[in-house]
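Take a look at the structures listed below.
In what follows, chain A forms one complex with chain B and a second complex with chain C.
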Partner chain A sequence: MTFYSGQNGRLQIDGTTAAKVTNWSISSSMSPLATTTLEDTDETFVNGIRSTTGSCRLFYYDDTSDTERINSAKTLIDKLIKVRTEGSEPGVAAAPEDVTFRLQVVEGDTTREIEVDALITSASMAMAVGEVLAADIAFQVNGAPSTVSL
Partner chain B sequence: MTFPALTPSSRSFDPGNYPVKAYNAQDGAEIRFLYGDKRVAAKLQLTYTNITDANAEEFIDHFDDMNGTFELFDLPTGKDALGGWSEETATLDAPEGSKWRYAQPPQLNSVYPGVSSVTVNLISATSA
Partner chain C sequence: MSVYLGNAGSIEIRRQGEPIQVTLQADDVNADQRRFSVDFDPTYDDSRPSPLITGDQVEFSSTDGETDLELVDGVTDTDVTRWVHVDQTGGIRLFTSYAAAVTGGRDNAVELVTPTADQEITVDVVNANYNCVAQMRSWEITTQRETVDLSILGEEYRQFYDQGMISGQGSINAIWDYKYTPCIDQFVDDAELANYFSQLVIRFREGSKFKGAFTVYCNDNEAVWYECDCICTSVGMNFSPGQVIDSTIQFITTGQVWLKQGEPPSFLLLDTDTRARDEILLEQQPGAIELEFTE
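For the complex of A and B:
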């Protein structure tokens, strides 16, 4: 019997392994459609629309000597936060970018994963005394996962 | 083709009224004339939530068979359309001597692949 913990976790962003990820989570839900009619005494349902959201937290980390370990927090923040297209036009900037996440559980040569195309819905950072700077990212999965091999 | 034999998710019934005409005199007095002995213009709204597309299609087909709002028809015997009502079905049915017709086309909303909701508005009428 095998249990998994944080050391088995890995996150890939657009095919590249993210650096300094402290956690990731994914949650899928479904809104049932009520089919209860006037003669029923108990509610009945059929399957409805699914929705999947997720989040991750990454330390803001920069090591230019390691080409494999880029600043992944910056990568995700840059997908949502865009500078003005022109300095004189405060209301115009580039559109946010989609991202492909692979949320993985790694054990030796075996990798279990969920691959999703997602839209970054929030990216936040907070600097505080006594804490390492990190980015909290939330995302909305666009459609069904393209890979599920858990 | 008969009206689809399905039990609705919700139902609203307006029993209509007797054909009464009221007149007001200048001194405020009201005079009423009763022009008939049966209720007219009863209304029945049936909502079928999250039914299959095949069942939803039956309402459109029946609407076509009735030539839209033109033909009169009876609800199926049994309690399908009037299911959940524990008293006499005649209470919620078209008044004596009249039948139902569509007051307006059925409203069909697609809510999910293969699943739709339909609202049907009926009004009672008597053939001339």
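For the complex of A and C:
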């Protein structure tokens, strides 16, 4: 029996391993549809629509001397926050970008993962005394996962 | 390699406070009794204890910094600094030394003048001298640095950020006493007693801040001591049959914590005419430099 912990965790963003990730999470839910009718004594259901959301937290980390460790927090923030297309048009900017996440559990050469296409729904950063600057990212999975190999 | 005992451990504190702007009413100065009072909380109907504690060295100054303060006989200046004795009704008498202030009484008090009108004044505890804490059984101080967890996914060893915030805390255990008794007490009359901390922690408006010098080691030529601003956070007293009353004082540090080595703080040149030394030269206000005493 093997247990897994944060040592085995990894997050890939658009195929590139993200740097300085402190956690990721994914949550899938389904709303059942009631099929209970007159004269039934117990509620009955059929499967409804699935919905999957997730989140991750990354330290805001920048090391220009290390080309492999890119600022992944910036990468995700840039997918949601866009500058104005024209300076005189405050209400017009580029659309947010979709992103592909691979939420991985790595054990040696074996990688188990869930690959999803997602929309970034929130990106927040907070600077506080005694804390390292980090980005909290929340995302909504678009459709079913591309890969599930847990 | 040497081994040091705790015998040399001592604490000196300097009383501190925050400036309070109040109105000194002419009717509240009784020149005959050399006594006056100030309403430190005019918006509150009920009475509250005075924010000043007997033995505080207090600066009274005109709030505008230009008008001469009419309070002490013979002083024509915008401010005056004296030691205060506060009686149980909040009445204040001024004295020229810490020891005289603790003793109190009308005869040794500074003579006052009745102001010609109400005055807007600023009251601030500005003690320049350090007093030793007497009757102390033990003390401890802990300095600590916060750590920020930098561990990330995929790592096997926890990593921490090494530039976290620094803070300190400690406690003092002393035999409770409230008054110096000549010919009986072994400590000098300018010592701070445990009861001061009991008053300090419940003092309103002025806060419970003090500056502490915590001596770790001291001989005639050299000392090692912590120096920091502290806030008294709790005072506990223990009563047991047949046991002396213990007072346990808890405090935290605020701002920088220094670990200094060199001349003991007691040898620094201070504005302290309560000490039987001949180094009384400097009219030291808060923020002034401290000069080392050389024999």
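One rule holds in what follows: the second predicted complex is superposed on the first by the 150 of 150 C-alpha atoms of A that agree within 3 Å, B and C clash if a C-alpha of one lies under 4 Å from a C-alpha of the other, contacts with A are read in each partner's own complex, and residues count from 1 in each chain.
Convention: contacts are C-beta pairs under 8 Å (C-beta built on N, C-alpha and C of every residue); 3 or more make two chains touch, one makes a residue touch a chain.
Computed from a prediction, not measured in an experiment: that's the story for all the values here.
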{"item": "Combined model on chain A: chain C and chain B, fit or clash", "value": "fit"}
{"item": "First (chain B), second (chain C), both or neither touched by A:133", "value": "neither"}
{"item": "Inter-centroid angle chain B-chain A-chain C after superposition on A [Cα, multiple of 10°]", "value": "120"}
{"item": "Residue contacts on chain A - larger count, chain B or chain C", "value": "C"}
{"item": "Partner chain in contact with A:11 - chain B first, chain C second, else both or neither", "value": "second"}
{"item": "Which of chain B and chain C A:20 touches, first, second, both or neither", "value": "second"}
{"item": "Which of chain B and chain C A:93 touches, first, second, both or neither", "value": "neither"}
{"item": "Touching partner for A:48 - first (chain B), second (chain C), both, neither", "value": "first"}
{"item": "Lowest inter-chain C-alpha distance for chain C and chain B in the superposed arrangement, angstrom", "value": "39"}
{"item": "Partner chain B, residues of chain A touching it in the complex", "value": "33-39, 46, 48-49"}
{"item": "Contact set on chain C toward chain A in their complex", "value": "146, 148, 150-156, 161, 164-165"}
{"item": "Chain C contact footprint on chain A (complex, rising order)", "value": "6-11, 19-24, 59, 106, 129-132"}
{"item": "List of chain B residues in touch with chain A within their complex", "value": "6-11, 49-51, 79, 83-85, 111-112, 115"}
